[in-house]
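The following blocks contain the structures, represented as structure tokens.
Shared between the two complexes below is chain A, which pairs with chain B and chain C, respectively.
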Partner chain A sequence: MSHYLKLVHMEIHRFRYPLAAMMGLTLVWQMVTLIIHVNGKLDRAADALIHNLLVNGAALERFSFADMIPGMLYSLPILACIAALSVYVFLIWYRDWYGRVSFIYRLLMLPASRKHVYLAKLTAIVLLVLGMLSFQLLLLPVEQWVFKLIVPAEHFEASTFGDVVSANLVLDVLLPRNFDRFALSYLLGIAAVIVIFTAILLERSYRLAGILYAVGYASICTFVFLYTMYLMWTGSYLYPEEIIAIEFAIGILITAVSIWLGFRLLKKKITV
Partner chain B sequence: MKRYLLSILLGTFILAAVGTYYVHGALVELPQYKLETIEGDPSEIANVDFSGNYWGGKGSKALMVSEQGTQYEIDKSLFEENVTDARSWMFRQPEFRKLKEQHPHFIRGKNKMESFYKDEEWLIYAEILQKKEASQRITFKIDMVNEKTGKVTRHRTNVDVEVEDAYRFFYVEDVQRIGNELHVFARQNSEFHVYVFDLSSGELLRNETISLNIPLAEGEELSLEFTANEIRSGSGEYVVLRARKQKAFQGQDSSRLEVRGESYYSYSYASGQLVELPKMLDEGTPGKNEFGDFLRLNGQVLTVLKNDTNAITWMRYNLRTGQVEKQKTVVTAEDLGVEVITSITLSQERIFAMLRHEDTAMVAVLDAKSGNILYKGKTVFVGPSSKAEEQLKNLRLLNIEVGV
Partner chain C sequence: MIEVVNLRKSYRRRNVLNGVSFTAEKGQITCLIGINGAGKSTVLRAIMGLTQVNSGTVHIDGRPMSRELYEKVSFIPDRLTMPLGMKMEEAMQFMADFYRSWNPARAKELIQFFQLNGNEKIGHLSKGTAAKFNLAIGLAQDSEYVLMDEPFSGIDMFSREQIADVFSSDLLDGRGVLLTTHEIAEMEHLIDKAVIMNNGTISREFDCEQIRSDEGKSIVDVMREVYLA
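Presenting the complex of A and B:
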């Protein structure tokens, strides 16, 4: 266990600068976007106020923080971080093979089970994703406070945290309202990472032919899982509770087989 | 320990942030409402939910309100959404829930409510299979289970049809058993047919075309509406057809449909007779042709019902005796003590009405036979009374769901 935890820490530590850069980029981009958007809105509200007062004395325009964040511009750093972490799912292995030093050989020669290397990388990916998610969760009330500081009281409208999250499509997907949806989404994500890890190890084990094996393996897993979901929507012979049970069983089976295969490849096929 | 500070901080940060988000979300509830009785018997709405939207905050949130309280769509768990409420169009109906409990294997893959028939002896499912739209052959798939023995019998009967149009769609509107005959009332594009099969062998005995012979002027088209027994799988001797002559007018930016006349017919499975019914709600009925009306058939009694937001109007006609059971009855919004009648539905001789009075959503239940008010209730906000007025304004109830 301590060996595994040390490996997890090593993986997190290796990614500390890119992680800090992603957090910094998200903070700066979202703050700047928010301030520019709010100022633009205040300018338009001022013009509208002058016009409306002259024409019909209409009420002041009020807006809330939830009105400021639906745009794609606000979500851009989140999407960029998702892309970066998706690439890192591959790089976390390949950098060890193709880095300045073939670090993978040192990892595989450690006096401990090789599966700890696999599990540590998986845990690191999960922690990095959840870490970025938590950072966004921290950022939202901070941005909301900044919004309250810069918007005059006569234009300010309060909004709940739930409304803020659901106002932005990307946040709504990443932070579902219910914990069971959150757990399911991220467990599915972890299963996908496990399948990709196993595909990478297939490629590393069999070189050129391994590319075919890797693509084939990932495709089969994806098809099998998605086909059972397709059954749900096409009014099939099976009842919904049966389809759900089958989906769960297939998801667990795919995950278990991928982990077993990954461990086996690391133990038997990848040599130093 | 100091060496691992980054990882420890990251793990703690994740637990704190995600944990706080979901604990906060669980503690902070959306506004809660429930139905409170003003007068009458609350058991009248025991199996009724009222759906609508909450308009506070940003956007609207769909919800259901009942005597027990409120359920928001966004608060539904994955299990509720994908299992409990799956195929809700069918399994929300108590009759089909019961069929699934009694015959889970027989009901598999059978999704068309109108294709079921059940009595004390048989449970039957009949549907039409068609290879491609322009096919000249259709197949009747008839599955039957004997209620006493549990034995399942399956018939597949091919029927050749005349193809005039490039595409032809067939679907079953109703299934009835008369003695040892199975009658399948089917729609074939704009025509109705009754296919009669021998229950024992599945052999096609006859195919009757239901001809309405309604002349159409230039530009007019016929819209046909079919009404079977309210209990879809139940035994019912009659079905009702409504034929509307309508003409479409195309404006610059919009189009409208003008109803040029309508007629009602009843068809008896036992006698095979098609009888034209007298005019139901006449041209003088408030809102006729504007808001639409709907029909309900309960055994041999047909109810024609309309709501124009100021009044509910209905009449009842006995198809067997050919007599009006209840002349046109009008219950106005004023009679109910409200400003607007938002929507209505009829189920099992009860008219359920959604009402609005001074920004408060209210409900009423009327006896379709007598017109008496059996129940009146209003929605109340479950929370501090200081917020009640504002929160009630944010609630809009729109639809009634009976038999949940």
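Presenting the complex of A and C:
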């Protein structure tokens, strides 16, 4: 197995407990929220049924799984996991410098290219994000099955996977059903992580002055990307496809420069 | 031979290294001596490519430091370099996975020598045990040179004795050792060559046996001359 793959395995292995905790939290929270929500809905439906039968003999209320998940309460663990993984983008580097142990000594003294250390950390972040996303995707059918179990047939209404995803704003953003949008969103996310990695390495290489370099670098990258997007969407005669293509090219350029700078800092400038 | 030539490094407008040059031979124990802040640890880190210098060169057997040479030179810093969540056995497996020069038989021998329990988590180790484990990790490589930064720092008397035993054992036979330490009295009889650092420069570099026989001086005597002059 190559050094890179061993490092990826090591990085994922080090995060196994927080990852399991995040998955556990998401599972328990969403199940409990769903069950409480469904029970509340059934109670209200029973009350309504009695009232309606007495007043005008109306039909039973039916509801689907998609009706049960739009609330922010259901999305809370997803948002918490996003926050945790965002913090981990920084921690994945800083924990190797600070504390009782300086693992960065060992990582930088491996008889392998230091690029592998960078790429392994990046790959670990991407895999953790995709892992959490996959877990959420697996969780939805399980929750739907639980929903079917606890809702009496006379109240049950089927919903498609598309209905379920579009019913919740957070899921709708995280799981775009158009592949282009999915690829663009996640590639932009990876580019952002790469820019942050380079900013961290600037800070680790130049310390106090490095904080200024890091903030400056991240700000310039963000400004270049957002400002050109703003200019093109507001004042150009380009077709949307052309604008997206140009944005994609700018994103690739920023990513390429960031990766090159990150590798160079790790090889030439980094200080433990 | 480790050859350090004219290393210069400044940090926050202070010259940490101000033209440091010396050599450390294979088969000898070379001790880098200096008071706190003299720049000893910075020199070791610079040799290992863990900190950047403004100028100067480091050559190991005539070759500039490169990633391949991490198989040939092992560094034992004054702190743990393995994640706290790992067990000692897992840390050794990590080393075996990455280093061709890792010698599992010697690793086992070292674990027995230091009476360590491989199933113990690194995060649970006391300072003395951690220092011994650090040493075991560094010495289990079939490296030609071993760099040690303050191997006796802050550990109890019995652990120090055990670590000092390493220097008179066959674990270091034929290797070049470059170490920094404050415990000169304890190590004096084991050191072949002393390099005294002061204010980021090399004040004296001498063969310990020769200075004992020619001038009747111990390392501590020479240190007094340098620092109290």
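Please note the rule applied: the second predicted complex is superposed on the first by the 259 of 272 C-alpha atoms of A that agree within 3 Å, B and C clash if a C-alpha of one lies under 4 Å from a C-alpha of the other, contacts with A are read in each partner's own complex, and residues count from 1 in each chain.
Everything that follows uses one rule, which is that a contact is a pair of C-beta atoms (placed from the backbone, for glycine too) under 8 Å apart; a residue touches a chain by one contact, two chains touch by 3 or more.
Model, not experiment: these values are computed from the prediction.
In the superposition on chain A, A:Leu42 makes contact with neither chain B nor chain C. In the superposition on chain A, A:Thr271 contacts chain C only, with no contact to chain B. Once the two complexes are laid over each other on the shared chain, residue contacts for A:Leu231 go to neither chain B nor chain C. Touched residues of chain A, counted separately for chain B and chain C, are more numerous for B.
Interface of chain A with chain B (complex): residues 5, 8-9, 12-13, 16, 64, 66-67, 127, 130-131, 133-135, 137-138, 159-163, 166-167, 175, 177-182, 184, 232, 235-241, 244.
Within the complex formed with chain A, the residues of chain B that make contact are 3-4, 6-7, 10-11, 13-14, 16-18, 20-22, 24-26, 28, 57-59, 74-79, 82-83, 86-87, 100, 104, 108-109, 111. Chain contact summary for the complex, chain C toward chain A: residues 12, 45, 48-52, 67-68, 70-71, 75, 77, 79-85, 94, 97-100, 122-123. In the complex of the two chains, the chain A residues touching chain C come out as 1, 3, 6, 10, 14, 99-103, 105-106, 108-114, 205, 208, 268-272.
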